[in-house]
Structure formats: C-alpha cells, structure tokens
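Shared between the two complexes below is chain A, which has chain B as its partner in the first and chain C in the second.
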Partner chain A sequence: MRIIDTSQENRSFSDLAPNVARNALFVSVFGILASLILTFMLGGGLERFFQSYLVNFGYFLSLTLGALFFVIIQHVVRASWSVVVRRVAEVLSSNFLLMAILFLPVIAGMDHLFHWLDPHAVDDEILAGKLGYLNRTFFILRWVLYFGIWAGLARFFYTNSVKQDETGDIKLTLRMEKFSPLSVILFAFSLTFASFDLLMSINPHWYSTIFGVYYFAGSVLGSFAMFALIFHYLHKKGRLLQSVTLEHFHDIGKLMFAFTVFWAYIGFSQYMLYWYGNIPEETVWFLHRQTGSWTPVTWFILFGHFVVPFLGLLSRIPKRRSALLRFIALYVLAVHWIDIYWIAMPEWFNNGVSFHLLDLTLFLAIGGLWISVAARRLGRASLVPSKDPRLSDSLAFENS
Partner chain B sequence: MGIATASQVEPDPIRGEPLVQGGHDFASVTDAVCGVIEAKRPPLIWFISIAISSIMTLVLFAMIVYLFWTGIGVWGVNVPVGWGFAIVNFVFWVGIGHAGTLISAILFLFRQQWRTAINRFAEAMTIFAVICALVFPGIHVGRVWFAWWMFPIPYQQGVWPQFRSPLLWDVFAVGTYFMVSSIFWYMGMIPDLATIRDRATGTTRRFVYGLLSLGWRGSNRQWHRYERAYLLLAALATPLVLSVHSVVSFDFAVSQVPGWHTTILPPYFVAGAIFSGFAMVVFLAVPARQLYGLKSIITMRHIESMNKIMLATGSMVGYAYAIEFFMAWYSGNIYEQFTFQNRAFGEYWWAYWTMASCNVIVPQIYWFKKARRSLVVTMIVAFLINVGMWFERFVIVVTSLSRDFLPSSWGFYWPTWVDILTFAGTFGLFFTLFLLFLRFLPMVAMAELKNVMPAAHPVHHLSGEKEGH
Partner chain C sequence: MSKPSLFGYLVEFEDVTTILNAAREVRDEGYTKWDTHTPFPIHGMDGAMGMKMSILPWLVFGGGFMGCTLAMLLQWWMNAYDYPYLVSGKPLWSIPAFIPVTFELTILFSAFGAFFGMLALNQLPELYHALFTSERFRRATSDRFFISIEAKDPRFDLEKTRAFLETLGGTAIETVEEDE
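Entry: the complex of A and B
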C-alpha cells in the first residue's frame, strides 16, 4: 500500500475564494450590463434577451443538476474512490438557491418564450388539450416544487458532509446513504419534468418520451467536465496535491467517456426512431434543425458532441494528463452549451442560426454568478470531506 | 482496500460484510467449488429436476416438429395479431440473458468485487437464455427452410436480406451477443478448468478437462495475458449489454404502431432486461447455494446486492411506464391516448395490471433490508418479477396489435396449446442446460473469487491490525 502523507497538504480554498468570487462577480456584472445595453439600447429586444437567457439558464441548471446527481449516486453505491472529489460536487450542487433566483427572469419572460401562453392557444385543438398542464400557475408551482426538491437535497448532502468534517461521525455517512435511493427517485422525476417544461415545451406540439434522459445525459457529462476543470485549477494553485491524484483524474475521464457514449446512445435513440417512423408531427422538430444554416449545427452535434470526445477520451493517455483532460473538458463544456442552444433556439428561429451577442453576454452574466457563489462556498469548508470514513480508501485508490 | 478480513464478526457498516465468509481459505474454496463436480453422484433432487426438464425439452422438440409439419396455423397468431407468443417469448428470453454480461462486464468495469461469486453462474444462464430465445425467430418464419435467408449470404439469386428491417438487426445484435458472451464465459473459465484437470483422478476426466483448459499452466505470463484479454472483453461486452435489447426494442419502436413507437423504448427495454435477468439469477442462485453448500461463497450480501439492483432497475421500468403514460396524454395524439387507456382498462387489463404490480409494486418491498435478506421473500419476488416481465412483453405486443387503427379489423389474441407447450418447453431446455452446467462445470469463478479474498491482498499480513481502524 502506498503511504500517503497528506499532513502538509493545502486543503483550503479560503484564501483564494474572495478573489475568485470577486473576479467572477465582475465578469457577471459586465455580462449583465452588456446584456442590458444590447437589449435596450442596441435593439436586441426583450424577446431575444429572454431566449438567450433561457439557453444559458438551461445550461447552468444542467451543470448544477449533474453535480447533484454525482453526489447522490456516490452515496447510493457507497463509492470510496470518489470521496476526495465529492466536496467540489457538493459545493456546485449547492448552487440551486442561486438558480432559483435566476429562474425569476424566466418567469418574467414566459410570454416571450412559450407560445402555449398565447391567448389563442385554446383555438389550437392539440394545444387546448394540454393547457391543463401547460399553464402559468401550474408551471410556476411545478418549478417551486423542483427547486424545493433540488435545493433540499443539495443542502442535505452538503450540510451533513460538512458537519462530518467536524465530528467525524460515521452515522452521518450512514444517514446520507439511507436517504440517497429515495433522492434518486425524486431527482429523476423532477429533472425529467423540468426538462419537459423548460426545453421541450418551447415547441408544445412536439413530444419525446426520452427527452428527460437526453437532458440528464448531457447534464452529467457537463458536470464531469466541470470537475476535471476545477481539479486541474486547484492543482495549479497547489491545492489537494496529495489527495487528488492522477487516478482520480483517470476515473473522471472514464466517466466522461462513458457519458459521452451514453449521451450518443440516447440521442441516437431519439433521432433514429423518429426518423424511421417518419411521422410529420414527430419529425418536425428535427426538420427545424435540418433546415438552412441549422443543418451544419446538427452535423456538428453528431460529430462534435460524440465522435470527437469519443476518440479523444478513448485512450488512457488523455485521462491521465490533467492538462490534456482540461482541454477536452473545456471542449465538452462548449459542445454541451451548443447542444442546449440547439435544443432551444431552432424553435424560435426556424429559418436558420441567428447568433446574437446576447447569447454570450448572458452566458457571462449567469456563469459569473454561478462561479462566484460556488467559489465563496468552496472557501468555507475543507476541499475534501476530511473525516469521511472512506477517505483512506479514496486516497489510496489506484486503477489497476 | 474495501476488503474486510474473513474473521470479522460484526459487519462493518462502511466496508460491508466480507465477500467470502465462513473462514474459507484458498484451498477450501477450491474444495467447495470443485467438490460439486467431483462428487460421485449429484444430489437426488438434481436427478428429479433433470428428469422433468428433459421431458419438457422433448415436449419443446415435439412442438417444433408439429409446427414444421403442420404450419404456423397451429399457433394462435392471426390477423391483426400477427406477432404472438413467439416474439413475446423471444424478447422474454433475451431479456433474461442480460444479467450475465452486465455482471461480468459492467460490474467488472465498475470494480464491483462482489460480482466474482455469481458471475460464472450468471454468464452460463445468459448463454442458455439466449439459446432459448434464438429458438423462436428460427421457428416463427413459417417456411423454416428459408430461415437461412436471414443471414447475408451471397448466392446465385442475388437476393439480400432487407437491411432496413430491425428483424435483421436482431440477427446481428443477438448473434454478436451470443458469440461474445460465450467467448467471455469460456475464457473466464479456463483457469478453473485447469484446476479441475489438475485435481482429476480418472483418465477421461483429465483428458476432457485438459482439452478444455487449453494448456493453462497458471504462469505469470499467462495470467498477465488473461487479465488483459478479460479487461478488453469486458470493455467490448459493455456496449453489447445496451445494444442487444435496444435493437430488440427497435423491432417495435421503429414502427408507427401506437404504444410501440416511442423514443424511450431502447433504454427502457435495457433496464427491464437487466431487471428480469437478475430476477432469474437470484431465482437460480438461492436453491443452488443451499443445495451445494455454497452459502459462505454466495452469501446473503450477494443476494442483497442483487435485490438492490432489482429495486433500481424495477424503478427505472416504473419510471418508463409513468413517462409513457404521461406522454400519451401530453402528445394530444388520440391513438396514443387510446392505446394506453386500452392497455389499462381494455380486454387485456388483467395482463396490464399483472405487469404493473409485479414489476413496479412488488420490488418496492426491497426498500426494507429485512425483505432483501429473506430468502423466502427473495424467491417469491424473483418469481413474480419474471411473471411480470413476461407479461410486459405480452402487453406491448398484443394490446397494440389487437387494436389496430381501423376498428373493423380489431381482434382478440389467445394462445393455443401449442403456443403454451412450446413456451413451457423452452424452460425445459433452459433448465436442462443449466443443470448440466452445474454438474460438469465450475459454477463459481474460483480464480476470480480468490482475488477478492483478503489473503490475495499483498498487504494482508501487514494490515491485519489496521483493518479495524
């Protein structure tokens, strides 16, 4: 067994947290100001603002959800390898309160985003049948419920884990394990319906039973990429040099690879079955994405979101070079953003891609806040669950 | 790491119970597993079982001969339900055949060490289940002398199979699966076969097991290559676990039939297949461990873990049922809506509710640890899950077909005695093969099992004191 001495290791982020949080906040403020200027003074318009906002909200929500899933599933399966990387996931998943606040603009912009709110929707026979589900009150109530579930779960896992840093009580681990299976079920249904509400109902005529799983696959993939980035950064800053080893990077890389393939499997199932069935009301969604300048984006999703990361992560080499893995992780995060963009935008812009600077400035606005809040929380507790009963197993973990 | 000492009495809440219990060492594991094969005669119950199962197998053959002789008319299929028991049973058996590869490939990649006690067993079951499954596409074609048309063989007529047909994809998917699982199973068995060879007393025995063990000597170099090959096969078999049942689901999902044509079908079929596969593994493992005195090798921990997987996959199936139902309503498509109402409240309501209660409600009992660790509950639940999963396929196939788009062509499907006896006969074939496996091949992967015992751990002797910290 390797002897791992972690006594000299720096496991705190408290010295860097204020700086990072402040810088990220600056970025966010810049993003907000730029977005406001673009919207009101440079003729972007409110409608475009909300559309770009939804894409970026959906993106950061997915990363938060992916992190929460990671935390829950580690407790379900009582994983030991992942103890040293779990705290970062716990912190990222604690961003749900922020996401709940960031959801307010979506509510404000609902009329611009969802045409099932159109007063004429009742005249559409199909839509009229769905208005029992797709209406403003029920929509908001559902989102209150979703955020209640997510923030509640995230808080439960975060506080118990941090409490264990002090007490070292094994019972806390057992308690988290006990509630984790139920958490998975709550998580699965809330994520599924949230994805229906937020993204699928942009085109309220269209439906796909696998849509929730598709959003889930991308979310988890994105969050793994996020972990790889964060640990690379922490290493560069001299943190967790002994705890988080190449072996952990290797495992994160493997999981990224697995979810790249899983995402492709789900995406293929959705596309192929509708393509083969060739029923107009189902293919229309893909038709929008295979018309005009959306066609190359669709091709890019196929190759860029699957083939490239598949080949990139296949070998052992990139998974065990954190700089290389960081590069792939950045790439994966970028294509995941394009994927969300590709899910939402073509429904408003049937004729072709219409990129707007707002897409980027709102990314900075939301992303800056997201990182700022996470960084501040990361500074508050140890970067690893320092008294987790499985910590020693995680430290000594090696890929055979 | 993660391996508790065998002497531990109190189960460690963090590391769990030891994987091998009862104070076994390497030699006693070998004795226990090889003892089953080396026993002069198997237990009486084995003879009774194989007598029954071989009679059932003969019934299967008789039914097939009768079918070939008379024609498909002896089955209950007719317009509009052109797919009856044959496809239901095919999907059922392919589904059963999913646990083996999941255990040997995916759980291996996930470093789930508890898999070692049950993987051999489950892989064998997988192969036999796939054999039972493959009976049906072969015999259901009507003019069976043309069945070879399913294979893309160039011949003088220049006629190729329809590559756009999911039925052809099935041939490839299931064929590949069968091949890879057989290789995986056999390759994994080589070191154990060599052990049996080395212990053999008779010449015939030594010759046969010697032949099968391919000259295995257990040298370092051989082990090195063996482990490489094992890892590679595991990685290659992993996508197969998902692809096979996904392709099977395409048989339905690519069509435009309401209730079949839905995008979640592939992952939902995969979850259901693993669900039923584990139910079958546990259903066979419980009696086998009692009968052959392997309780300290296939422990309650293994049973409990499998029951947990059933709870997880059963819940995934429940998720898919729920989403399908919701989406049928949400779609606004009256045919979809009708199909799902018809499933639950139509002529086949009993099949639907059998399916829903056996697959979704019954496994919920596994939220309780007591139930997960009770052999009686385990056996009952495993049985019910298999019933439920069979009915799931029945519901999918029959309810959708019997209620066509045109009410004038609606019909009712009922199996004939030939259908039922053919299905029963496949159980005979399955159990006959399985009982032969128990008698002649090592049912526990001894070499792999020893790997997860504390004594295999290089620091076993050093860390003896550290284990309890």
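Entry: the complex of A and C
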C-alpha cells in the first residue's frame, strides 16, 4: 500500500473564507442593485425580472441538488474513492437554506410566471382539470415540503460528517449509510415534482413524465463540473495537495463524461417519443423551440451539451490535466445554464430568443450569494472528512 | 528425443514489496520479454514494469465509430434506398428514428472492440504456456509472486541473467523448459 504523508498538508479554508465570501457578496450586491435598476428604472419590468430570476434560481437550485445527490449516493454505495472530495459536496448541499430564502421572490412573482394562476384558467378545459394540483396554496405547501426534505437531508449528512472529524466514531458512518437509501427515494421524488412545479408548469398544458430525470441529469452534471472547478481552485491556493490527487480529478472527469451521456440519453428519449407520436398537444413544447431564433439554440444544445463535451471528455488526457478539466468544467457549467434557459424562456417568448441584461445580473446576484454562503461554511470545518474510516482508501486510490 | 528448449527463468517472491522493487530493477536492467505473475492486481505494478499505455482505448473508439457509421448506413440502405418504406409519414431518411439502433450498435461494437481487442493484445486464447510446466508456479494463483524472463529476450544470458536474478531477493530461481 502506498503511504501518503498528509501531515504537512493544508486542509483548512478558514483563512481564505472571509475574503472569498466578502468578494462574492460584493458581486451579489452589485447584481442585486443592477437588477433593481434594470427592472424599475430602465424599463425591464417586473415580469421580465421574475422570468430571469426563475431561470437563475433553477440553475443554482440544480447545482445544490446535484451536490446533495453526490453526498447521498456515496453513502448508498459505500464509496471509498470519494471521501476526500465529499466534504465540498456536503458544504455545497448545505446551501438549501439559502435557496429556500431565495425562493421567496419566486412566490412573490408567481402571477407573472405561471399562467395557471390566471383567474380565467377555469374556463380552459385542460387547465381546469389540473387546478387541483396547480394552485397557489398547494404549490407553496409542496415547496415547503421540498425544502424541508432537502435542507433536512443536507443537514443530516453535513453535521454527522463534521461531528466525525472530532470523534472519529465509525457509528456515524454506519448511521449515514443506514439512512442513505431512504434519502435517495425522498430525493428522487422531491426533485421530480420540484422540476415539474418550477419549470414544466410554465406551460401547464404540456407534460413529460421524464422531465424530472432530465433536470436531474443536468443538475448532477453541473455539480460535478462545479467540484472540478472548486478543487482546481483549492489546489491553486495550496490546499489538499496530497489528499486530492490526479486520480480524483480523473474520477470527477469520468463522472462528468457519464452524465453528459446520460443527459443526452434522457434528452433524446424525451424528444423521440414526442417526435414519433406527433400529437400536437405534445409536440407544441418542441415547436416553440424549433421556431425562429430558438432553432439555433436548440441545435447548440444538441451539439454543445452533448457532442462537444462527449468528444472532449472521451480520452483520459483531459481528465488528468486539471487545467484542461477546469476549462471543460467552466464550459459545461455555461452550457448547463443555457439548457435551463432553453427549458424556461421559450414558453414566455414563443417567437424567438429575447436576451435581457437581467438574465446576467440576476445570475451574479444569486450566484454571488450562493458562493458566499458556501465559502463561509467551507471555512468552518476541515476540507476533508479527516476521520472517515475510508479516508486512507481514498487517499491511496488509483485508477489502474 | 531431442533436448527440450529453454523457455526462461522463473523467480519466486513472497511479498508485494519485494516483487515491486524487483520489477523496477528488471525494468531498469533493460529486459523486454519478461512478465510478473501475481495472485491479485498490484497497484503501481504497471509503472514498476515500465508498461506503456495500452492501445486498447483506440480499438474501442474505432469499434464504436464503426458501429455508429454501420448502423446509420444499414438503416439508410434498408429503409430509404433499397426498399423505401414509409413509416407514419416520416421522411424515409429520418435520423431521430435511427438513433436507437445507432446507439445500440455503437455500444455493441465498442464492446466488441474492448473484448476482442483485449484478447488479441494478450494473444489469447493461449492453450499452452511453458510456465505451466513448473510445479512451483501453481502458487501464483494463491500466495506467491513470480517474475519470469524469457530466453528470447535479447539481453538474456544463461549465466549473467541468473546472477542478476539472484540479487533481487526472491526465494527461489528455476529454469523453465518448453514441454515437448
């Protein structure tokens, strides 16, 4: 067994955390101010504000969900390779409390976002039948439940893992493993319905049973890209130089590759059935995306979200060069954003792409807060679960 | 009966560390036709033996690419060219309908590339190998580690190679001969 000396390693983020958190907060405040100015003084309007807000909220929610999924699945399969990268995922998934607060504007803007809230919805035969599910009270109640589940799970895994840093108690690992299968089930249901509520119900006439899986695939892909970026950054700052090796980057790269393919598989499965069936009520969703200037965006999603990263990540070379992997990760995060944009926006802008500066400023507003809160939490505990019983396996891990 | 020809030397080791170090020395000595035999995979053995990256990934890629192209051609030829067949009003050459078969054949041919490529690169199946004539070698599947150096190696020398192998810390050295 390879012996890895980690005694000299810097495993703390506490010195950098205040700085990063403050800078990110500045970015966020700038984003918020710019968004308010664009909305109220430069004629953006509340409707557009909430539409851009929903896209960016859906984006950062997806990254948080992906991180939570990663934490849970590691315990389900009792993975050992991932121990050194798990803490960062635990920290990112702890952002659900922030996301819950950031959900309040969505509730405030519901009337601008969801036309099933229109008083005339009862006159629409199809909508009338769905109003038992799609109504304000039940919608809010469901989201209370989703955030309860997500924040609860994230807290459970984070606190137990941090507690183990001090006690080294193996029972904590066993406890997390015991509850992880149940967590997966809760996670799967809550994510599926949340994606229906948040993004699919923008067009309440349309439905796709695979929609939750599509959102899930993008979420997990995005969060892996986020991990790659964060570990590249930590390495650059001289953290975790011995613990997180090329082998761990390689594995994150492999998972990014896997979920690129999985995303395409799900995306195509959704498309093909509607294309084959060719029933107007089902194809309308794709029609909006094949009309006018949305067409090139759709083609870009096909090639940019699948073909390019597929070929880019196929070989082992980019997965084992952390600078190259960082580039691909940034690219994947950008394309994932376009994907969420493409899911939501065409329903409000049937005729073509209408980009607004609010799309960007709200990205900064939410993203800044998201990073700020995560950085602060990252500084509070060790960057690796330092007494995890599988830590030594993870340190010695090699792709043969 | 003619004199049996020499296959090479077989050295036995008792633990992982010794054989890893020994493998590094054999590598540094410049031998090329040699191998290690262990009951389980040893991390770092590839490096210790100085093995290059396998070309297998390229075979898999080639297989996948071939499967992808063949599947598209197959469906185009059957459905749109040789026997034009209209299905539910779709174009004869309609890519979305052809994707599932293309996907499956890409996977299948990639797997062929991996499976048959692995066999070919390892020169398998091999029904006979001189090493199996050694009684001692049977423990390679339970609790002993071995290095074999073939007589075909350009650096092989009956005396010098033996002297070199004796310095490696093995527990036994024997000559292996081809079975008649």
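We take it that the second predicted complex is superposed on the first by the 400 of 400 C-alpha atoms of A that agree within 3 Å, B and C clash if a C-alpha of one lies under 4 Å from a C-alpha of the other, contacts with A are read in each partner's own complex, and residues count from 1 in each chain.
Keep in mind that, in the parts below, a residue touches a chain if its C-beta (ideal position, glycine included) is under 8 Å from a C-beta of that chain, and two chains touch if they have at least 3 such contacts.
Computed from a predicted structure; not experimentally measured.
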Three-chain arrangement built on chain A, chain B and chain C clash or fit: clash
Which superposed partner A:Y276 touches (first chain B, second chain C, both, neither): both
Partner with the higher number of touched chain A residues, chain C or chain B: B
Chain B versus chain C as contact partner of A:I170, first or second or both or neither: first
Contacts of A:R326 with chain B and chain C, given as first, second, both or neither: neither
Touched partner set for A:L314, first chain B, second chain C, both or neither: second
Contacts of A:R377 with chain B and chain C, given as first, second, both or neither: neither
Residues on chain A lying within both footprints (that of chain B and that of chain C): 1, 265, 272, 276, 396
Chain A partner contacts - residues on chain C that touch it in the complex: 41, 43-44, 46, 57, 61, 88-90, 96-97, 99-100, 103
Chain C contact footprint on chain A (complex, rising order): 1-2, 265, 268, 271-272, 275-276, 278, 314-316, 396, 398, 400
Chain B to chain A touching residues, read off their complex: 1-2, 13-14, 16, 111, 239, 242, 246, 250, 253-256, 261-267, 311-312, 315, 319-320, 322-324, 327, 330-333, 367, 459, 462-463
Residue numbers on chain A that touch chain B, as the complex places them: 1, 78, 80-81, 125-127, 129-130, 133, 170, 173-174, 181, 185, 188-189, 192, 196, 205, 207-213, 261, 265-266, 269-270, 272-274, 276-277, 279, 281, 389-390, 393, 396-397
